[in-house]
Amino acid sequence: MKNHGTSLVSNIEPGQEVLSVQNISLSFGGVKALTDISFDLVKGEVRAIIGPNGAGKSSMLNVINGFYHPQEGEVFYCGQKRNAMKPHQIAHQGIARTFQNIALFKGMSTLDNIMTGRFTHMKTNVLQHAFWRGPAEQEEIENRLKVEEIIDFLEIQTIRKTPVGRLPYGLQKRVELGRALAAEPVLLLLDEPMAGMNIEEKEDMSRFILDVQEEFGTTIALIEHDMGVVMDISDRVVVLDYGKKIGDGTPDEVRNNQAVIDAYLGVPHE
Amino acid sequence: MFYRQAGDFKSSYREDLQTFALKQDRWAYYALLVVAFLVVPFIINDYWASAVLLPFLILAIAALGLNILTGYCGQVSLGTGGFMAVGAYACYKIMTSAPDLSIFFVVLLSGAVTALVGLIFGIPSLRIKGFYLAVATLAAQFFLVWLFNKVPWFYNYSASGQISAPERTMFGWAITGPNAEAPVRYLFCITIVVLLAWIARNLTRGRIGRSWMAIRDMDIAAEIIGVDPLKTKLLAFAVSSFYIGVSGALFFSVYLGAVEVGEVFGITLSFLILFMIIIGGLGSILGSFIGAGFLVLVPVLLKNVMVNGLGWPTDIAAHIEFVIVGGLIMGFLIVEPHGLAQLWRLAKEKLLLWPFPH
Amino acid sequence: MNSPAVADTPDSASAVSNSLLSVNNIEVIYNHVILVLKGVSLSVPEGGITALLGGNGAGKTTTLKAISNLLHSERGIVSKGSISYRGQPIADLSPEALVKKGVIQVMEGRHCFEHLTVEENLLTGAYTRGDGKAAVQRDLEMVYGYFPRLKDRRKSQAGYTSGGEQQMCAIGRALMASPETILLDEPSMGLAPQLVEEIFEIVKQLNEEEGVSFLLAEQNTNIALRYAHYGYILESGRVVMDGKASDLRDNSDVKEFYLGVSEGSKRSFREVKHYKRRKRWLS
Amino acid sequence: PSLSYRTGPYAVNGIPYADGYEDYLTLVNERDGGIGGVKAKVLECETGYNTQKGVECYEATKGEGALVYQPLSTGITYQLIPKATADGIPVHSMGYGRTSAKNGKVFSHIFNYPVNYWDGASHAVNHILDVNGGDIAGKTIALVYHNSAYGKEPIRTLEELSKKHGYKFTPIAVDHPGQEQKSQWLQIRRERPDYVLMWGWGVMNQVAIQEAANIRFPMENFIGIWWSGSENDVLPAGIKANGYKALTFHGVGSDFPIFDDIKKYVVDAGKAAGAGDQVGTVLYNRGLYAALLAVEAAKVAQEIHGTKDINAAQMRDGMEALVIDNAKMEALGIPGFGPEFSVDCGNHGGPGLGAVQQWDAEAGTWSLISDFAPSDMDVIQPLIDEDSSAFATENKIEMKECA
Amino acid sequence: MSPDFLNTIEVILNGLMAGVMYSLVALGFVLIFKASGIFNYAQGVMALFAAMTLVGFQTGQVPFSHLINAVFGTSIHSFGWTLPAVVAVLLTVVVMILFAILVERLVLKHLVNQEPIILFMATIGLAYFMEGMGDLMWGSEMKILDVGVPQGGSLWLEEFTAGWATEGSTYYGMYIDRLDIVATVVAIVLVISLTLFSQYTRTGRALRAVADDHQAALSVGISLRKIWVIVWAIAGIVAMVAGIMWGAKSGVQFSLSLIALKALPVLILGGFTSIPGAIIGGLIIGVGEKLFEYGVGPLIGGATENWFAYVLALIFLVFRPQGLFGDKIIERV
């Protein structure tokens, strides 16, 4: 059940670099979304990316998982330079993500949505599926077990069979996290996973994120506007502003960085 | 009121993966099969077979196929007629060049040929989406029909360009040709239908089906999750075309017996099949059947009522039929945009909750 | 009642008591079968800021949509109860008639017109207005004043702007209608902290200077209660608690569950180990 | 039964035909009290020119003791050929359907008298020969045809004939439905063929005649098949269509005694199938003629079998022994309305006599400009034999022996 | 100039003109799509219906006469008047506006916020309904439509160009149908005014907003119902224009509704949302299919126009999935 991503990373020790981006520049027509950005993610950390609206955070994630192709700069994954790849190939390398504007499959149930997360782990072919009994069913059941674990973990048992379109916003975000987790990724990209949640739910969500990090050693890139959350749960923080990197370091360092305060935080956050 | 699901007690995931989760459903289904195989053949007459049951079964296969492509994978296609023509002509060519091959395999092979053709026409779907794709599939529709009409090889150089199905038998029973008996043709079709429906169900309940639905619901997200859009869409095109091809082959060989491509497999047929799945329910196996049944039966019914029952002139009856069918389509969409199958599901949900309203 | 930290909040909720918008015991059913609101009543006083709080799926969005008559297009219906605005029932009004009356909703999840430019988006907000181009232009400048970022991106299609920019665009669009009541659904979602403050400052400013009334659904309880005058807490389709904002802020349950403060000090997100706590009033 | 189509793309043509068919049978029932005393019944069934509905119609009506089918669509005819044969019910496809069905040795239950498409092709060429004093070597003849099985029918014959007569033949296809024919007519305008033939159907006819008028192609050199020669086809082009010719195999106008009867017994009695305004139009007459031939065949059958209440098999025999001569037509009130012909066991198509009619736009009438003349059987017969024997082999049909 | 060259020019010119005729139909589609995201399958039938109504008024036909006669055994057919073309056109415009109101009331209103395919399907139902209704009202026999649009080749042009060919060759001068010239003028006027309307007016902006997001449009106070009535009425009138132009050629009969099929490739090539795109797309398709039929057609048996138009559009789409001028399909996460 190992995917290629996992095998690539298996020889990476905690503390070593999983992914780094170097001198990334990206623009759309006249809009410069990212200018010369470099930073890295080391194995097992929670790396927050913060910055004002339109700073280029989401675009950064899109570069990492191959949806945007930067005009300049390189992405190194597990120490190797990554060639131009399609997003689905990158997914198979063990990078999963959630989206800022929820991107669940609206017509499917929670269970099916999370099952799609297992896609990179499933191998049976059409013919086997056509006749179901045998390998196809076997594989479905095995993966179902994993998914049920995730469902238990995220405490969404009761909505297992509900079409996700009917769920409230916050639960949808949770299901989306479940879908990303189901891929058992090496690197998990979270784009504002806690937007639209109240404190209690944010606490739960933080808990899930930390648990994933601790239990599976997953590396996490997190975009979030709630400074309380960011400062509490991240190990290191990158700050973007107008497509440029203006700060990088531990939460404490960033918090006291004047450029960051001016551009984003406004007042020094306690 | 006896429609009850006694809690969600499933002791294994295998049970949870079953097609019919409820016992009642399962029994109803078995009963239906028994009736279809053991009762209907004995009471069927030519009229019922030719006017209702055969077209229903055969078009249901096409509807299944289109539903896989459109309902599950989200790629709207208006080329169904053209692909059915591929199935029909493949069937004709195989029948005439390999007279000894069992008709069953001829039909399956025709499906396979169509799958290949569908694959080719599926390639643009990687770039073209939505209604743009729908309209673009008309290219297939018109081109294929033109091709079968233009190239004499396809109709074995016959003077008129029509193809007629020669007699082929299975287990000594004539399946095609003028001597085929209604019950035999019916049994042949229903066997294939049940087989294909079962396969469709299998394909859509697991990994493959989910990858289709993922592409349908949000292709970008699907790709980021690891679904290869090209492969997935092409697979959907191929599988769907297989079904449609089989349906075309049966339509020609078992049902009509003789076919002129432009007239039978024209764009009207493409639309008819599309109606079936939308009225029945996109992304629903059951819906394909309900839709096909509805659109085959209603016109026949209306006609019988108005012309034979009320004695109206045939043309006025036909016009009124148009008005009614059009009105019904709109009416159903207003009542339940997700099709008759969804209506049925909601009704069941209500029954499950009975007697509490919510 | 005011705690010193929020001394700037005008404690005027009690002063404005004549109810502008009142919702009486409504039930909402989706798709004929899913009962979502089970009798919600609330009232928004003229010139007040009323907060609607509650967890995911509590029914905040549904309540707002019920008020602005947008449920119909989601196959939902108000099956019981009544809603009135300025004493008149509004259940039968079309959404646009309601906008003409001055009630406008900012929908959750942005909902910008993707293919229109940011500026065109803002201008559609002024669709119902009949007070001339000049006034519209003035308001447009006002919105750009609030959100300079939008001015930068005015010519780009809204579909290509960032999440936060879309959120600003949606809020700005509603302001363009120069409404007298705004239903705000999670305005803070996806906005940078600075901006969140700014938005609430705008709310406050509009409220105080222009007399606009607000009903805002918000997850960010902390800030919502800082700016609101009155609050309702919704759980599973029922109002479980309501009161003056300042009272709610001091309520220990609210503190624990909505403000993230336990035993007087703010909890750290890292420390929360147990995520299976029950809300006392539900058990 | 008559399978009709009063809806769909070809309703325009289907309506008058069906009216004519029905009115004649009404007349027979009203005036004569039926065929030999037995009331005839028309089971009209709407197909909308749709093959699938055709099947439904066939199955729906065959149980009701159908004597003969008029499928009125080439597609449906093809489909009924094996079926009806198996069921023992004769099919009469008059001026359409499968040409080689003329060979009664192979197609025992299919009749296509009095003419077929290959005859038509030959008639057209014969007419051109007549006009040119018998020599058309070096002339060009273009064929504008509906790109379907139907439209392609005459190509083989015209090719064979061009070998014989030395004209140059250019087929020009028009795709269904044929609303846009610019390219085709520009091509004609460029190449200036001496004659243009047309195998068109539905809207294609109207547009073609309009376009021909637009490029000022001499109308008298433009000849359509009988399905391209109704009032509907020429009317939209107005006065410009004057002089357009079309083939036919029956009389035009309502100048026959029978129409007085129709008026008296049917229209004035309020029993007309349609609005009554179609009486005397080309397609109405054709429908009427089809019905008339059916009634005559039934009479023959009654005679042969000595029973009034004939069944389908007996009807078939009647059709196979049908003889129409001038005396009979005279007696029926349609003197000279159609060609004289007879059907026999080996020849289900008659001698293939046809005429040419021309449109007078001023008067708004068609008139016959030639006698019913035979086609070039030397060329056609081998084609028929070839095609029918191919069908026989493919379907393992034993050729019937004919005396 | 060699006749071959001139012939090619002629083919191109005629292609352009044919393209304009397609555009007339495509315009109606674009309008409705732009304003509501609905792919209106019924556009072709609307053209037919409008043309039938127009002829019906002009010749004083009694609506539903067949039905009335069948049910009551009467035989009424005509009021016995003939109306001048202008009056009949105006009356038809009124009918199309009523039609728009009815469609909105009875159908669209109930389908707010549904997926595009559902709305599409509803328009198919509508097409069926109108097809039957049109026939019931006016009968399905062919009708002659004459509102005084000139037809036939332009003699002036023919004579003017006849001398252009090189000496000694037979060249008959260039052929252009006057009907096409009229159509071109009408189309240009329509396109310019509709573009101005949708791009620069408040209502135009609202139209585009509605197409993007029904709910959001409602929430800012745009009355979907009003917008829809406006748009369907305009589309109905455009359909009438198309019906007049096409009907003049072929008579008014069922096949008129099939012109929609000729408009679809134009539509995808130009882009569903672009009014000028409908014209440019039409021109490209017109020229493309005519040249192909002229150059390649004879080699492969002709009658290629139907599919070639689609294939041509398909080729363009592969490079520009939203058509030449359509709004870009926004793909973001």
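The first chain written gets the first letter, and so on, giving A, B, C, D and E; residue counts start at 1 in each chain.
By definition in this document, a residue touches a chain if its C-beta (ideal position, glycine included) is under 8 Å from a C-beta of that chain, and two chains touch if they have at least 3 such contacts.
Quick caveat, the model's predicted, so the values are computed rather than measured.
*Asks:* Which chains contact both chain A and chain E?
*Replies:* Output, common partners of chain A and chain E: B, C.
*Asks:* What chains do chain B and chain C have as common neighbours?
*Replies:* A, E
*Asks:* Of the other chains, whose C-alpha centre is the longest way from the centre of chain E?
*Replies:* A
*Asks:* Could you give the separation in Å between the centres of chain B and chain D, each centre being the mean of its C-alpha atoms?
*Replies:* Whole-Å distance between the two chain centres: 37.
*Asks:* From the C-alpha centre of chain C to that of chain D, how far is it in Å?
*Replies:* The answer is 75 Å.
*Asks:* Please tell me the distance, in whole Å, between the geometric centres of chain B and chain E computed from their C-alpha atoms.
*Replies:* 32
*Asks:* Could you please state the distance in Å, as a whole number, between where the Cα atoms of chain C are centred and where those of chain E are centred?
*Replies:* 46
*Asks:* Going through chain B residue by residue, note those that touch at least 2 other chains and give them in order.
*Replies:* 146, 150, 220-221, 224, 313, 315, 318-319, 322
*Asks:* Multi-chain contacts only, two chains or more: what residues does chain D have there?
*Replies:* 6-7, 11, 15, 147, 175-176
*Asks:* What are the residue numbers in chain E that touch two or more other chains?
*Replies:* 66, 135, 140, 301, 303-304, 306, 332-333
*Asks:* Name, in rising order, each residue of chain E that touches chain D in their complex.
*Replies:* 7, 10-11, 14-15, 17-18, 21, 66, 69, 73, 75, 77, 135, 140-142, 144-146, 151-153, 172, 175, 177, 246, 248-251, 253-256, 258-259, 262, 289-290, 293-294, 297, 301-306
*Asks:* Considering only the defined contacts, which chain A positions touch chain B in the complex?
*Replies:* 65, 67, 86-88, 91-92, 96-97, 99, 103-108, 112, 115-117, 119-120, 122, 124, 126, 129-132, 136-137, 139-141, 144-145, 148, 179, 183
*Asks:* Which of the residues in chain C end up touching chain B in this complex?
*Replies:* Touch residues, chain C against chain B: 29, 31-35.
*Asks:* Given the complex with chain B, which residues does chain E contribute to the contact?
*Replies:* Residues of chain E touching chain B: 39, 66-67, 70, 106-107, 110-111, 114-118, 120-122, 124-133, 135-136, 140, 261, 264-265, 267-268, 272, 300-301, 303-304, 306-307, 310-311, 313-314, 317-318, 321-323, 329, 331-333.
*Asks:* Would you pull the chain E residues touching chain C in the complex into a rising list?
*Replies:* 112-113, 202, 205-206, 208-209, 211-223, 225, 273, 327-328, 330, 332
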